[in-house]
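Per-chain numbering from 1; labels A, B, C and D assigned in written order.
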Amino acid sequence: MSDLNGKIVLGADQYGKAESRIVRIYRDSPRHEIKDVNVSTCLRGDFAAAYTDGDQSNVLPTDSQKQTAYAFAKQYGIPTIEEYGIRLAEHFVDEIEPVHLARIEIDEYLWERASADGAPHDHTWIRKGQEIRTATITVEGAGADRKVWVVGGLKDLIVLKSTGSEFAGFLVDDYTVLEPTNDRMMATSIVAKWRFVGTDADWDDVYSQVKQLLIEQFAVVQSRALQQTLFRMGEAVLEHFGSIAEIRLSAPNRHHFVHNLAPFGLDNPNEVFNVSDRPYGLIQAVVTRDDAPPAGPAWEQQFGWLA
Amino acid sequence: MSDLNGKIVLGADQYGKAESRIVRIYRDSPRHEIKDVNVSTCLRGDFAAAYTDGDQSNVLPTDSQKQTAYAFAKQYGIPTIEEYGIRLAEHFVDEIEPVHLARIEIDEYLWERASADGAPHDHTWIRKGQEIRTATITVEGAGADRKVWVVGGLKDLIVLKSTGSEFAGFLVDDYTVLEPTNDRMMATSIVAKWRFVGTDADWDDVYSQVKQLLIEQFAVVQSRALQQTLFRMGEAVLEHFGSIAEIRLSAPNRHHFVHNLAPFGLDNPNEVFNVSDRPYGLIQAVVTRDDAPPAGPAWEQQFGWLA
Amino acid sequence: MSDLNGKIVLGADQYGKAESRIVRIYRDSPRHEIKDVNVSTCLRGDFAAAYTDGDQSNVLPTDSQKQTAYAFAKQYGIPTIEEYGIRLAEHFVDEIEPVHLARIEIDEYLWERASADGAPHDHTWIRKGQEIRTATITVEGAGADRKVWVVGGLKDLIVLKSTGSEFAGFLVDDYTVLEPTNDRMMATSIVAKWRFVGTDADWDDVYSQVKQLLIEQFAVVQSRALQQTLFRMGEAVLEHFGSIAEIRLSAPNRHHFVHNLAPFGLDNPNEVFNVSDRPYGLIQAVVTRDDAPPAGPAWEQQFGWLA
Amino acid sequence: MSDLNGKIVLGADQYGKAESRIVRIYRDSPRHEIKDVNVSTCLRGDFAAAYTDGDQSNVLPTDSQKQTAYAFAKQYGIPTIEEYGIRLAEHFVDEIEPVHLARIEIDEYLWERASADGAPHDHTWIRKGQEIRTATITVEGAGADRKVWVVGGLKDLIVLKSTGSEFAGFLVDDYTVLEPTNDRMMATSIVAKWRFVGTDADWDDVYSQVKQLLIEQFAVVQSRALQQTLFRMGEAVLEHFGSIAEIRLSAPNRHHFVHNLAPFGLDNPNEVFNVSDRPYGLIQAVVTRDDAPPAGPAWEQQFGWLA
């Protein structure tokens, strides 16, 4: 193909402050409460002159975005990351004139209350460490054109089942050496993100139920492949929550290989495994509904469109 | 908004083998050569039954994809990651019937030849460690409908300038406490990905020239903001290479704060800095042409669409 | 000082296989059990010729060490990491003639049983993710000279208290700008390692009790500094367990800074914090007894003596 | 063994500020210079009361230690990390009364000057990214009892040779399945630390020569095992520098396995390798002299004695 010589122009652009690490303590009574979040803000709008001419007059500093995130944590608290994110995103679109779209991405680190002397302690916690809860809120437009998308989620939820998983009957080509199996270990680290229809769910309740539904499906499905397990997970979530339009799942297949002990005169009927780091299968699926409203920019993650 | 009850269906899906770590040595003469890559393959096509019914008959195992990557490294070598990736992607689309689209993502770790006794050594290298070279190849369709997109790139290229950078004249809101400055340090870790028009560039030559153009623009532009610097980088690349349709840039602003030494009776005119880890500004831009051909699925990265 | 010209000799040396990732499943009944460990073996002994002359005749390959770790996981299981480590270490000293000392370091990843349909599931688990349990077993000599040291431990146990911590009355020098405080947040990620007197404790019971004692002291001590908290932690463990000779504690002070909201007209009475990544205070202490038996090589960690 | 009931006492202790990230720019002429370091300070001395009684009167805050590191970077600059570290350590021992010993650990990130328009640029650099230079300075005692130990070093220097390495003639036990080989790939990531006899070497010159000696030996030695290669490296350094008393080397054996291509009808004579992450052999050695002065506390690293 011959070379191009068209006019050079700015395409899409966005900017923001990534990874503000905020801890909010509620200390209105002796029994304190904690919220621990990592907040990234990202703005789109009328910023072309900053790129093409170095003109900052429309550019809200990323430091100001950060300060807003801290100030809002005080003024309005962080009841849930979804509510906090909606408020922040609406603020940027409503109050900062050049902003057309704001996206807030939040990771929440979960804590459990420590116990001491046999009772829950008032002001001490242990980091739970299991999964990280996530939310992405996207707000676009003002007034009657206002649109809000809320995506809840979790990541780093590591699950494993020691039986109840198969992989057989697959397509075989010239490079296939893998043997089919009817009993293998299956393990993965689940990333799940679910898009809400509206903006007023019982966020905490949905979160804990979705987590349990994902785990339960992983456990009870006799899996013929990780693909099938993912679909069943998504299906269970959508069946349960009419307030969720779609769910996206990404799952690395953390391979556990049966270690060959035959040279040492030992049988190994799926008892001793070698856990492999790389490579790993990576399975990704969207489970949705035929009446799901448009996703708009809901999935255009800050780190996703150009990672 | 009221709950949904539409039929639950599979939306988009893809799967593959991520992060096969392959080293290819050329040892046809005493002076060996090395290529060191991390290869991820990803397939889309007629795989719905695997998700909905657990039917694997159309599913090429991810292990087979891995074996193919190793075998091709032997059969055809890895002259450049772009050529190797095109060959792999075309293979999956052409030879595996259910595959409609294949995407190959490759990271290349660069090595320099060691010297010993004052001369370049035949078979010893030191990992360069500077930036990582990347490529993403997407192949869709067969025969006359065949389309191929090649995206070259780099990441982890860390650059810093100790002057020649400003940030002033920005928008001020109620949460702005940042002071404008006409002389600040600027540092970033560049991620750049450029989409080629065709499939037959001099890949190595383009790579080394693009890298130098990015560095040079970072150095010589009197920067009024990181946004401006990114645009100038992209512009320089497109001006130089008619074979490149667009370039996407992502740059964290690695903040270096002037450390306050006044309490110790010391002046600090931009000499001693505290390097901050988080938070950081994150600036992203696409620089393109008004005659750029459609990007199609070229930017739908494996880890991007649901990270 | 003038240059040296003494004879060049081999000093200390050791070698082994690091980070064998082993999962052991017990499937004797439908209700499976899991142990998930990362095992490193390290040998010292009569290996000088391998270094000075390239003579491998005394060198047991690191691959053989790994195979032994896998085989023992099948033959003897992993009842606790302490028992498994003792058995492995004794094997190397007893069966491999040139070995004088063997050290086994183990990280254990903890899992909790998933629940499904309201009941604990037979063969599915969720990674707990909280702390990592550790053990280091050192065995030296044979027959009557046999000595065994067992060190239990944990790491990555992240705890936080939102009040009940002070830092005041400290030494002030010309570089001190820190203000004293009588109410601050305190957070850390505890590393603790405790050396047992003997080799036959109830390992699991000690582990869970030590973890609770550490957490409890962190919670209940009105802390005048992290140093004091560490000592109280260690003291509580030694008071409770006569079977523990000493405990070593390392704790980064994960600084949470009260974010200044005054520019926005907001008070911030220890409610909104900025979590800092670096730098961090690092406090380390040994709490021991005046009748503790010698530690010998118990603390010469594989990655510690030359990290 | 029966339980202990001896008095509980504080054993060893130390504390400091870890990982102050300091960049120092020299801008006395238009051609700037840069030093980029990560500094950890650690103090030992008369601090027992802080642990046992919460009494801070002898405790210099870790924040003050950090401020000192920044202030010294301005006042005295960072001509080399060894000189800067000596000055800092001596300051703490001399000026802070309770301090008996100070240890400064420094990582230095290396940069290369960018070129633009065909010439080296005055104030722009690219992070080299190859190895990290390290130094550990320990100062103990005052006046006539003053002792200073300087340890230079490097880490993350990744090297690979595609031939010239063997592993055969090793000890075989019941768990040995490894086949001997006379031609294998060898790769490692070198950590090396060398202890100087005195305190006034030409630090930069020694550094660059030691690095080259290590690489050269890795290249030219026909290796019968990684153990032998390490010893030769150390020997070469000590032969060259009478100012170095000993050198310690730690090297993971980054295994590259010949990938089996036979199922695809392909021969693989050491051309295509699978790079393994874990497990890895880990070989560690000290090469010293029979007239080396005592090491004292020179090797008691901050993160080593209880990591």
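The criterion applied here is as follows: a residue touches a chain if its C-beta (ideal position, glycine included) is under 8 Å from a C-beta of that chain, and two chains touch if they have at least 3 such contacts.
By chain, with names taken from UniProt: A, B, C, D = Uricase.
Since this is a predicted model, take the numbers as computed values, not measurements.
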Inset, instruction - With one step meaning two chains touch, work out the least steps from chain A (Uricase) to chain C (Uricase). - result: 1
Inset, instruction - Quickly list, by label, the chains bordering both chain B (Uricase) and chain C (Uricase). - result: A, D
Inset, instruction - Could you tell me the distance, in whole angstrom, between the mean C-alpha positions of chain C (Uricase) and chain D (Uricase)? - result: 22
Inset, instruction - Report, in whole Å, the distance between the mean C-alpha point of chain A (Uricase) and the mean C-alpha point of chain D (Uricase). - result: 38
Legend entry - Chain centre separation (chain B (Uricase), chain D (Uricase); CA means) in Å: 31
Inset, instruction - Check each residue of chain A (Uricase) and list the ones that touch at least two other chains. - result: 20-21, 67, 71, 175, 177, 263-264, 277-278
Inset, instruction - In the complex, go through chain D (Uricase) and note every residue touching chain A (Uricase). - result: 174-175, 177, 263-264, 277-278
Legend entry - Touch list for chain A (Uricase) against partner chain C (Uricase), complex: 20-27, 32, 34, 36, 67, 70-71, 73-75, 111, 114-117, 121, 123-131, 156-164, 185, 212, 215-216, 218-220, 256, 259, 261, 263-264, 266, 268-277
Legend entry - Residues of chain C (Uricase) touching chain D (Uricase) in the complex: 1-21, 40, 42, 47, 50-68, 71, 95-96, 98, 167-173, 175-178, 191, 193, 197-198, 223-225, 227-228, 230-231, 234-235, 238-239, 241-246, 248-250, 252-253, 278-292, 299, 301-307
